[in-house]
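Right, one structure below, let's go through it.
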Amino acid sequence: MLFTDAVVAIAVTLLVLPLVEVVTESKTEGLTAVEVITEHRPQIFTFLLSFVVIVRFWLVHHRVFEHVRRYNTRLIQLNLGWLLLIVILPFPTEIIGSFETSRFTSGLYIGTILVLSLCQSGLVLMIRRHPDLEDPDNPVTRGELINSIVTAGLFGLAFVLAALVPNVGFYALFLLFLTPVISRPLAKRTA
Amino acid sequence: MLFTDAVVAIAVTLLVLPLVEVVTESKTEGLTAVEVITEHRPQIFTFLLSFVVIVRFWLVHHRVFEHVRRYNTRLIQLNLGWLLLIVILPFPTEIIGSFETSRFTSGLYIGTILVLSLCQSGLVLMIRRHPDLEDPDNPVTRGELINSIVTAGLFGLAFVLAALVPNVGFYALFLLFLTPVISRPLAKRTA
Amino acid sequence: MLFTDAVVAIAVTLLVLPLVEVVTESKTEGLTAVEVITEHRPQIFTFLLSFVVIVRFWLVHHRVFEHVRRYNTRLIQLNLGWLLLIVILPFPTEIIGSFETSRFTSGLYIGTILVLSLCQSGLVLMIRRHPDLEDPDNPVTRGELINSIVTAGLFGLAFVLAALVPNVGFYALFLLFLTPVISRPLAKRTA
Amino acid sequence: MLFTDAVVAIAVTLLVLPLVEVVTESKTEGLTAVEVITEHRPQIFTFLLSFVVIVRFWLVHHRVFEHVRRYNTRLIQLNLGWLLLIVILPFPTEIIGSFETSRFTSGLYIGTILVLSLCQSGLVLMIRRHPDLEDPDNPVTRGELINSIVTAGLFGLAFVLAALVPNVGFYALFLLFLTPVISRPLAKRTA
């Protein structure tokens, strides 16, 4: 879907706009050029974080849609839900960049990605279950299915940790490094 | 038309920018991260509303242009009018998100969508009436024609209600749920 | 060239952003929703003007590039100059929307379009003069060449009028309506 | 890669947004339309500089990817790094446009382009060394490889000069004019 690629390309490029605005504000506040960087490390960090998040989800999404030979209305609708979450992501990104990390801000940000991740799993499941959507010569693999479910599960866990336990914040996202550790043995066992 | 898809993709993604700006403003006003959400529910709602509006019109537009085998100047001009309305939509969106709902604001917003909807019906009619534009193997169906006219009619009704009756506001848009109820029997009768 | 289409699509969609910002400013200044429209008619007018300008140049550009079968470095460079002028157009647009019309502001705006128009004529000339660029089955027509030169000439005249004669301003652009009146007889005579 | 082209098109078009904002600010500060231009020459200059930088890197990138017949994960990752640098470039652009030129600001800007240039060389090297990526009928030429390395080397030198020697600033970028002078003889000698 060309439309999906275009929206992702725009969303990822718009992430820089708040950083650009920060420069103008810093100047009116009398900061120096060095302080623009040092005083806005959280914004620069969240820019990078959201860049990586969007790009990673898009890469997986891209691979998933290689298994699709035909679209139906439901698939398009779920994909538009996926796109809505990509489009809205700069909003929680700006919130976590502008405010102190709290259970609310990290929960909001990770929660948004959790819903995005659930949409992604939903897309994988829908394609796998509908032979009229799936390309018979290139079906969704068991490994991709397990991977997308494990990813969503770990984002769920990260969300719970960030929203309930104080001072965990974005460190909860380190859980995602466990994705291959969990999904590979599972893929083997069920194979 | 690739150009149309690109403009729609950009318009839909730009909708988030006012939400991003709201965060910076909220911080300078001394709001908390939670209040950024609770105090700006109208902006978040209108973001979602315009996202759905643009995406729905695009889906129908996309299907309509599958019936086209050749373009002429008139079709391109009407399509550019359609694009102008997609491009301008973030302006009334921002107005209804920033100001109290009144007969003016809801009339302005629904009026913009009404004109967009008239352009869409115009495109359907133009393609159906010009055999040199229409793909003979895949003509515009009677159902699509009726659907686009009923949609425009209901937006017209919603516009009149919102602009004339106080306190109706965006509830007038619920009329659009009647589209299938009205257009299906009409499509059958004339079939 | 896909890249050209993408840049034009973005430039034309970005034109709405200053209008969106006007809403936020108006609210902090205590204007009503109606006054957002009535007090910013110049900005709305210049938005529409630049939308039409960009879209018209793009349509002609699109048709011109249908005659191209191969690119060379010079053609790409001139096209990037064309793109630079499309990309920068929102800047003079914002100036004429924000400041009183004067010989400087209307000269700056029409001057930018004049340079854009000279680039366009340059592209047409370059394609026509280089048989290795031009598609032999679909060469640039004499009419297209004359049309592009007459357009550039009238923008030149409009620029001179707007920059030298007080109170002419954007009315100078009405000269462009003479394009077909002048170029059609010329195309016939030289045919 | 269509995604790359889209991101570059957006990044290059977004460069104008700070110029547009400058107009609104100038008006609230009571400047005249002429002063918008004369007082913001640094911003206009840096807009043009970054436009040229992005467009030049994209042209080379485009030519490099014509040698690719297949992608692997590593190539995609390095390309996403390249894209990250394109996306972030408006941030240092705004810094050098807003603040006095210093060793820090010119070092930051040239440093960003240096990393971009290293990514570009990395892409060229990776394609040349992996026969499964490279199109055997259209391999990366020795000249392209040398050119990309010389470019990165000159950006490295420019970075060192700008960051260490006071008052050099962006004049260090004139070093890049040496690219053909250095790389052509090298390409011949090694051929």
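Here the chain labels run A, B, C and D in written order, and each chain numbers its own residues starting at 1.
In this text, contacts are C-beta pairs under 8 Å (C-beta built on N, C-alpha and C of every residue); 3 or more make two chains touch, one makes a residue touch a chain.
According to UniProt, the chain labels map to these proteins: A, B, C, D = TMEM175 family protein.
In this text the structure is predicted, and so the values were computed from the model without any measurement.
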Interface composition of copies subunit C (TMEM175 family protein) and subunit D (TMEM175 family protein): same or different, split at half: different
With chain centres defined as C-alpha means, what is the inter-centre distance between subunit A (TMEM175 family protein) and subunit D (TMEM175 family protein) in Å? 28
Using mean CA coordinates as chain centres, what's the gap between subunit B (TMEM175 family protein) and subunit D (TMEM175 family protein) in Å? 39
Touching at least 2 other chains, the residues of subunit B (TMEM175 family protein) are 2, 6, 10, 14, 17
Arrangement of touching chains [line / ring / star / complete / other]: ring
Per the touch criterion, the pairs are A-B, A-D, B-C, C-D
In the complex of these two chains, what residues of subunit A (TMEM175 family protein) are touching subunit B (TMEM175 family protein)? 2-3, 6-7, 10-11, 14, 17-18, 21, 25, 76, 80, 83-84, 87-88, 90-91, 94-95, 98-100, 102, 104-105, 108
Of subunit C (TMEM175 family protein), residues touching subunit B (TMEM175 family protein) in the complex: 2, 5-6, 8-10, 12-17, 19-20, 23-24, 27, 32-34, 36-37, 47-48, 51, 55, 58-59
